[in-house]
């Protein structure tokens, strides 16, 4: 009896601390975005205000960086899809020399730390005259999406039973039609997750964009670094809330698919 | 433990008393009573959803009954967790651990009981020899066939020398020919060791071949608990009549020593299970006798069935669409056209709507 | 498959590989060359702007830059800090992921769903924001100190701008992937296998140890390696939450380039991180190949 009570109490304590650990910082930040004066050690702001919001939304710089982020992310996602989806299909359905090696190599590109990479990449970009260009930023953000757009859709394509495709061909459909009417629709949830994760990867990409894009193209995350240093904390807080909104919305959309438990299959090497 | 329960439970037996379980608002098992004698093999037979697997899992300890009790060898085990019950189960999909060899799988329970290495090896060896798999002792489950995996599961259960052996649809994943051979092997081993066994299946053929007694279950209750021949010869409810063996069902009423079906009157040698509420008659095909006397009927078709012939006929005047089937031995001359039929034996059952569940229709082939 | 088919498949699979080879592979190679002293080609601009460089002309590289970096106490401190934070964060993420996944698997219910739901929240938030939020949360007038002050302890520790805070941040950011991976991995083990263990006499804890742990080896390895690789090369979390020095290697690298104007030495650090990541990644590849081999024999 005591054992059970102790277990429940322990569970409750863990749950509380865990909830604080995870959600606490976000709530704290959100509060700051609306706070006027806030003395230590009060747990809530003393006065509330919306002035920081007007300040941010009125600022031309901040506004343009929001717009830019919303332009780059879809562009990068689409380019990534065009480049990677055919490859994902090939990885899933065909056996060819070097298949496994290439899959791992793609993943390995994430292993080299971004900062070190960007220094050298700057060299390449300078030579190709890509520094400070729209294309340059697209390429930089694209690199962060390659793994998502190949591995996850490859797993999605693999999970479509071949027998369904064979039945379609048996009924007279040509390969392209089979793909469009059978394979793609069934793999669509996995591909959607990949696209959303790519969108967010591009949206959140800060270091590379800052390196390549500045001063012509400054996106929201790059601005964030500057904000933290140069503006009052509340402005950074407002910006943070704004920056978080697309993420929350998008992932809420695909939450079911991501949490459906198929993720592990996507990251296993076959 | 009271006097009466000690007297009621034979040594080493299994007793289920008033067992009940409700899941998701539905009553899966409803007031179930069953006594299995030591060394007896009782089958729980029924369609899917009848509660047989849930009952088995309650005995094993994986499902907690809402009410009722379970006694093994006179000892109540209802509140014991599965690891402390003297039961061992053979799972439907065998549940062999893929990361262990056959030896590892069978030895697992023994190692938990802290036996010496030599003792473990000896007992595993004996169990594998019992099921004829000594040559696979170091193989991995993924590398042996389905039938062999099933035997490993059996060895794993038996090596623990349980008081009750539980089998959950052990043959359903094997192909048809293998099924007959394996079920005989299981029965042979069970009788040799003399272990109290409960076997769950939906295949009445399987139940009729291996069981000492069969409990036919329907919507959480036992409709009839009897020996195989008892069930076949004297099915007590319409459900059991339709589930075990093949049966013709004709709506009608008793008329003296005859069965009146619509406008036809069929003479009957033996009428059983009669009551005032009798509205349906069940007649086994082998009891539909085609001969020189009886009600007029017309042959629709004759179907050769191997070691017997099936004759499909309609009885004149009987206002029912369902044809009547009759089995006749291979040697008899062919029948056609107008004939006369009588029933050697018929069982009466109350109105069809009184049956809780529609029994599955008799097997049709080539009709 | 015919040779023509195989070739076509290879061509189909090539675009992302080519992009990666061009914009990651090439810079990586040229970075490594740069660390060894080659200043031509893509490295020429970096070679021009940098200081304290060890350059060569012609063949035969130099390890001068490596000597500089490995001999630098600041680098060694930072390396040590990086290893510690990575090990600590990975360990905590593993424990939390296993714990939550196990609870969800065995007990389930509303509490399980709440735990799993909470654990996935960080996935919704960009790393930049998360780092800033965590910094503020543990700062001198952040939530932690305010809460303890309200409870009577006015001198609670400050974790902002400390390595402890950085570790918290790394855990926070890495948790969703770990939890998703472990829940998916544990769910892949059928109930019957656990039941069979209990039927044979194992307690629930023993059944977990004997059945779940071995069968979840691959997801566990994936969680550990992905988390470790992510933490080792990270920049944003340590930059925003950590102290100016000694910090993790990511910020140190950037500092070395931006403040000290030593791109060559910065690249040496990048190579060091890459080598460590590669070793960790090798574990992942090995675990996968072994897992695939066991699965193939079915």
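Going by the order they are written in, the chains are A, B and C; count residues from 1 in each one.
By our rule, a contact is a pair of C-beta atoms (placed from the backbone, for glycine too) under 8 Å apart; a residue touches a chain by one contact, two chains touch by 3 or more.
Since the structure is predicted, the reported quantities are computational estimates derived from the model, not experimental observations.
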Chain at maximum distance from chain A, centres defined as averaged CA atoms: B
Comparison of A-C and B-C (more C-beta pairs in contact): A-C
Approximate Å spacing (C-alpha centroids) for the pair chain B, chain C: 57
Chain centre separation (chain A, chain C; CA means) in Å: 16
Where chain B touches two or more other chains at once, by residue number: none
Partner chain A, residues of chain C touching it in the complex: 1, 5-7, 9-10, 12-17, 19-20, 23-28, 30-31, 34, 41-46, 111, 114-116, 118-130, 132-134, 136-137, 140-143, 145-147, 149-150, 154, 168, 172, 175, 180-181, 183-185, 187-188, 218-219, 222, 226, 229, 232-236, 240, 249-250, 253-254, 257, 263, 266-267, 269-271, 273-274, 277-278, 281, 285, 288-289, 291-292
Chain C-facing residues of chain A, complex: 11, 15, 18-26, 28-29, 32, 40-43, 83-84, 86-87, 89-91, 94-99, 102, 104-117, 119-124, 126-127, 139, 142-143, 146, 149-150, 200, 203-204, 206-207, 221, 224-225, 228, 233, 236-237, 240, 243-244, 247-248, 251-252, 255, 258-259, 261-265, 267-270
Chain C partner contacts - residues on chain B that touch it in the complex: 60-62, 81-84, 87-89, 91-93, 95-99, 108-109, 112-113, 140, 142-143, 156-157, 160
Chain C residues touching chain B - in the complex, by the definition given at the top: 190, 192-193, 195-203, 206, 210-211, 214-215, 294, 297-298
